[in-house]
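Labels for the chains are A, B, C and D, by order of writing; each one numbers its residues from 1.
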């Protein structure tokens, strides 16, 4: 998975400014991929049993994450045109849905004595995100830039590190 | 190995529709690479001895898998023209043949007491696939889209997870 | 993170010569990424505790390192035009700042008994680098080639391997 | 490091035939990278001590290996023009020289009781290769295709797996 960015065609400030939507979109996707990578790392530190279903659920998640470079490029190069912004939001929506499916598959593979369900907890941010993405997609019909703003708010919301998995991983290590 | 996809040139539904063959081909190759990655993971969980021949057989398999991005791009950009569809099928055929060679090399390296030959078992899907690919390649002479349909059927057939290796790996872990 | 280089358009010495700025920039970035990779390897050999903050600080560092392919390509293709040279220097400056932040986060996660602060020591080269980058950026206003020369001097300064972390890692291994 | 290949512009046999030099060059580089990857794997299975110098020697080797995608693309797209063929040979020559430097650095880091020098042995193929590359580069002045043929012969010579390191690794494992 390689995020790409078009470099400005001329070595001028004006050409750099025209690349601004591309640079912003690149950063937004970089942050999203970082969030998933980080939470994935903490989440699987708790997991003791991997089933074939978990591998497939992971691959499913990866398929939506690895579509981000393309939806990112399309949104950036179109300078936030309506359709690409909506499809980008749809990709983010599928990523979070695929994350839920992966979580459920892990919970089933782990069995009843796992620390994972407790670690997931109420998962307010996780439950809120799909509705925000859907809001962003619908708002893009009126104003794509506003849609991008909503996607950005979700990213910022997630940037606050998710200590749930980390705390439980530390507890596991220290024998608790 | 990086699967690439051309993003639509305009931010319109029409341009997105023209990208449909490319998107479909990308997904098909993504699924195929996922299948191989997944089965490879389960298969090598059973393997205890790696010889130089196994490394070379793996590299041989990798060479056909890593050709998929190119045959994929050609098939997608040509909107399922006959020659690229046949060559894509040929690549899939070589992948499955390379998988067989890799399996045989592992069996030889493992020696007589390995669980691997039992885990491979009758391998009906594995034995059927080459014939389906050959059928797809030949059918593409008449109708490339029908050929792509056959390649897709093989992918779906393999998407049903291959529990053979997984079951034996679990048995190994639990001391059986 | 994939550093790319444009290949010459014609198979002639003249076309190859025109690619010289691109090749030089590619090499400079390759060396910088190698320096960070190498020091990162030695540094984390000393680290015993990873917190979520360390993962984020690492991701932050990675974001500036993975921008190098783009700032590299822009600087190379513009044949050392002023603006891209200044932005390239800004990227190098952010890389070294992100390195400092990462170091601080690790020191905090490690706690009081860690060998890390002693290993970091006075860190003269680390403290000098940001000023040299800023000098390079400012000098580029007058002469971009001179700016590139300063960036190159910093790289050469760092190419002298940083034995601090290595020495302490060896000491740790041998029980000291 | 990503080897790339241009896909044919038209879905026709003629366009595919015009891509033949590109495909051949891609395969040749794939085999070379496979050879280095394979021997690197076997070689480092014997290594017990990594110094900073070894990391740098590895990075130096990597810099020449990771130039292969560019020299490959240039040679392939120029349809074996003289200059790119000579530069491709120069890249291969630098790869094998960098391998020697890496080997020497490892031998020094390993100290007197290592199995590595014995495993390297007389290294006839290694000593022959640089001369064959130089021959290929010089021959390309007269006939680039003949130069490519010589590079191919060296690759075939190395494809015969190098059992030296493998044999010693097996001996190490079994306590010998």
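Methods note: a contact is a pair of C-beta atoms (placed from the backbone, for glycine too) under 8 Å apart; a residue touches a chain by one contact, two chains touch by 3 or more.
Predicted model, so just to flag it, every value in this text is computed and none were measured.
Chains that count as touching both chain A and chain C, per the definition above, do not exist in this structure. With every chain reduced to the mean of its CA atoms, the largest distance from chain D is reached by A.
Superposition on CA atoms relates chain A and chain B by a rotation of 90 degrees, given as a multiple of 5. By the residue-number overlap criterion, the interface of chain B with chain D counts as different, with under half of its numbers used by both chains. Chain centres here are Cα averages; for chain C and chain D they lie 28 Å apart. Distance between chain centres (mean CA atoms), chain B to chain C: 39 Å. Of all residues in chain A, those that touch two or more other chains are 2. Chain contacts in this assembly form a single closed ring in which each chain touches exactly two others. The list of touching chain pairs reads A-B, A-C, B-D, C-D. Put simply, chain B touches chain A in their complex at residues 2-3, 5, 7-8, 10-13, 16, 27, 30, 34, 37-38, 41-42, 161-163, 166. For chain C in complex with chain A, the residues that touch the partner chain are 2, 51-53, 55-56, 59, 63, 66, 70, 73-74, 77-78, 81-84, 87.
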